[in-house]
Amino acid sequence: MSTGLWLRLLDGLLVTLELTVFGAAIGLVFAFAAGLARLSPNRVLRGVALAYTEGFRGLPALVVLFWLVFALPGLGLQLEPLFAGVLALSLNIGAYGAEVVRGAVVSVPTAQLEAATALNFTPWQRMRLVVLPQALVAMVPPFGNLLVELLKATALVSLVYLQDLTFQGQIVRAATGDTAATFAGLLVGYGVIALVLTRLVKLVERRAAASLGHTTRPRAVEGAR
Amino acid sequence: MTAELIAFDRVGKRFGDAVVLDDLSFGVGAGERVTLIGPSGSGKTTILRMLMTLTRPDSGTITVAGEPLFHEKRGDALVPAGEQHLRAMRRHTTMVFQQYNLFPNMRVLRNVTEAPVHVLGLSADEAEERARGLLDMVGLADRLDAYPSQLSGGQQQRVAIARALAMRPDVLLLDEVTSALDPELAAEVLDVLRDVARTFDVTMLCVTHAMKFARDVSDRVLMFNEGRIIESAPPDELFDAPKHDRTRQFLRSVIEES
Amino acid sequence: MTFDWQAAWGAAPALLRGLATALQAAALGYVIALVLGLGFALLRRSGRRWVRLPVAFFVEFVRSTPLLVQLFFLFFVLPTVGIELSAMATGAIGLGVHYATYTSEVYRAGIDGVPAGQWEAAKALSLSRGRTWTRVVLPQAVPRVVPALGNYAIALFKDTPQLTVITIAEVLSVVKAVGSQNFQYLELITVAGVLYLITALVIAWPVRVLERRYRRESA
């Protein structure tokens, strides 16, 4: 395999990592906005958040991606391809993340809220100082699972001609004609990235557990698929 | 009775079919130490939870320091209190819970400084000085950097007492604070509370099964049954010469247990 | 430019045929996922390391790599080693194996949830290993995990658009075929999205009912 092809794969790897990192960052914003809105006393906010989470958990990520790339221009709006990719992925992962956020906040015992009330914290202080720091710890493991799901979903962008790892893999396959080795290599590549991500999440998990004085894993939360 | 700090006037509360408080009226004077005893489900804890605004009564009024707790004046009318009024009223009161309820995400010192800083507006230094003094008093000066999960139940409860006192409350509510503890750990908590009773000029309402402690610290004991007070007397009188059959029966069962 | 309802309506029959194909692939894949996942779960509890470890590695590997690339691999590589399968069979196997790695975790959690006392009781009654599994453990483990398994039916269905890359005539393939003639991608993809959403909600409905029932029972 020529150096040019290796460089192509490297380029693809960078695009895949970009999609994963930006997708995760924006996905987190969607997840917190929608997850906290689901718990809001405001009915309109709750309704919008519910429509978002139910809607995007019912829509295939690939269809959302196709819509942003191929349908939106029909409404006169052409998105930057990489931006469209990040948006589609983060809308999708954010809907699942919202359930994680909601589940983690709800899992903080009521007794903690009562103790915060007994110390006369305001409702927002109760959330910020007592509930969220504990909920965050419970969110880390399911967020780790979602991060791997996000990595896997980035491969979809190759179908809208974004030059990610999978796209470049196809080029390599065409150039070398070695189908089995190329796809096997791609799978191993993704497997290794996933492994690295999982290790990083474990580190964060341990840090998070330490913030509650634990040396072992904290309790996990349902909600991630 | 002198000017009452706390007054219950015909307070009623039901949970489903169960009547928890039945048209209950009583008062507590400023600085008084009152112990609430009685079988479980007789409404003692509900009274503390109401004073802490964690549970609302169905009927009747509760007054703290001359102001209605769950109602506020709007013009001439009394309307159900909003969060603002409740926050103002909560300044008088704080509570220590059966399960300690320390914040697991904060170390011991911060558990005690957090509310003084964020609620009372103390500077970090002032709050820390106050917290160090209180943690020293409860015997935990050497565990300031520990997380609650690293402490025994008795130690956690002593931190919880320091955390409550750091708010300089007028009223301290103690809800079965030793019920979750082994006898040995319970004893260390009760010793701290005896100290508190001696050194702080604070009104105390205490739900407990620790009868010796109740006798030592309280001015008055209220015996509850089925949402009513059936007997109210100074501890020596109530424990040594109970007037009511139900009280005698209850005291016998408590002694049997311990 | 505005939304052309006429075009959307005209494409509806073709899109529905695509949806039927997608559902067929999803159903086949789901059956494979349910059976194979249980197999994985049981093998991962094997007493023999040389069984347990390779299965664990395979499950972790498949679960952490993209379905899309797995589909390419199956579609292009299997024929080169003499395994000639239809596109539908390849798609069902791809979906099935991928989701078996998820269902195996669900089964595992269910099996771990059966109290140790049940195993001990079976031992005390001298039940054989097979009987303990089929009469005692699995009947308790499986019903509890039905809602979680149902959630993967929805997830699996939502991955069927990827089958377009292995020439299966599911909804997105129809969109591309029709769109290449009339270029009305806006209408086509929007209607396709609505179809997916409705179908996913219909599949989700019994799952949510079961979830609520189990939650009430365990409360």
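Every chain is named by a letter (A, B and C) in the order it is written, and numbering of its residues begins at 1.
In this text, a residue touches a chain if its C-beta (ideal position, glycine included) is under 8 Å from a C-beta of that chain, and two chains touch if they have at least 3 such contacts.
All figures in this text were calculated on a predicted structure; none of them were measured in a lab.
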*Of A-C and A-B, whichever chain pair has more C-beta contact pairs*: A-C
*Measuring between mean CA coordinates, which chain is farthest from chain B?*
C
*Going by CA means, which chain is nearest the middle of everything shown?*
A
_Counting only Cα atoms for the centres, state how far chain B is from chain C in Å._
55
*Could you please state the distance in Å, as a whole number, between where the Cα atoms of chain A are centred and where those of chain C are centred?*
21
_Taking the mean of the C-alpha atoms as each chain's centre, how many Å separate chain A from chain B?_
45
*How about chain A: which of its residues touch chain B in the complex?*
111-112, 114-123, 125, 129-130, 133-134, 137, 211-214
*Within the complex, which stretch of chain B touches chain A?*
52-54, 83, 87, 90-91, 93-95, 97, 99, 101-105, 107, 114-115, 118-119, 146-150, 163-164, 167, 173
*Residues of chain C touching chain A in the complex*: 1, 61, 63-70, 72-73, 76-77, 80, 102, 151-152, 154-155, 158-162, 164-165, 172, 175, 179, 184-190, 192-193, 196-197, 200-201, 204
*For the complex, which residues does chain A have touching chain C?*
54-55, 57-64, 66-67, 70-76, 148, 151-156, 158-159, 166, 169, 179-180, 183-184, 186-187, 190-191, 194-195, 198, 225
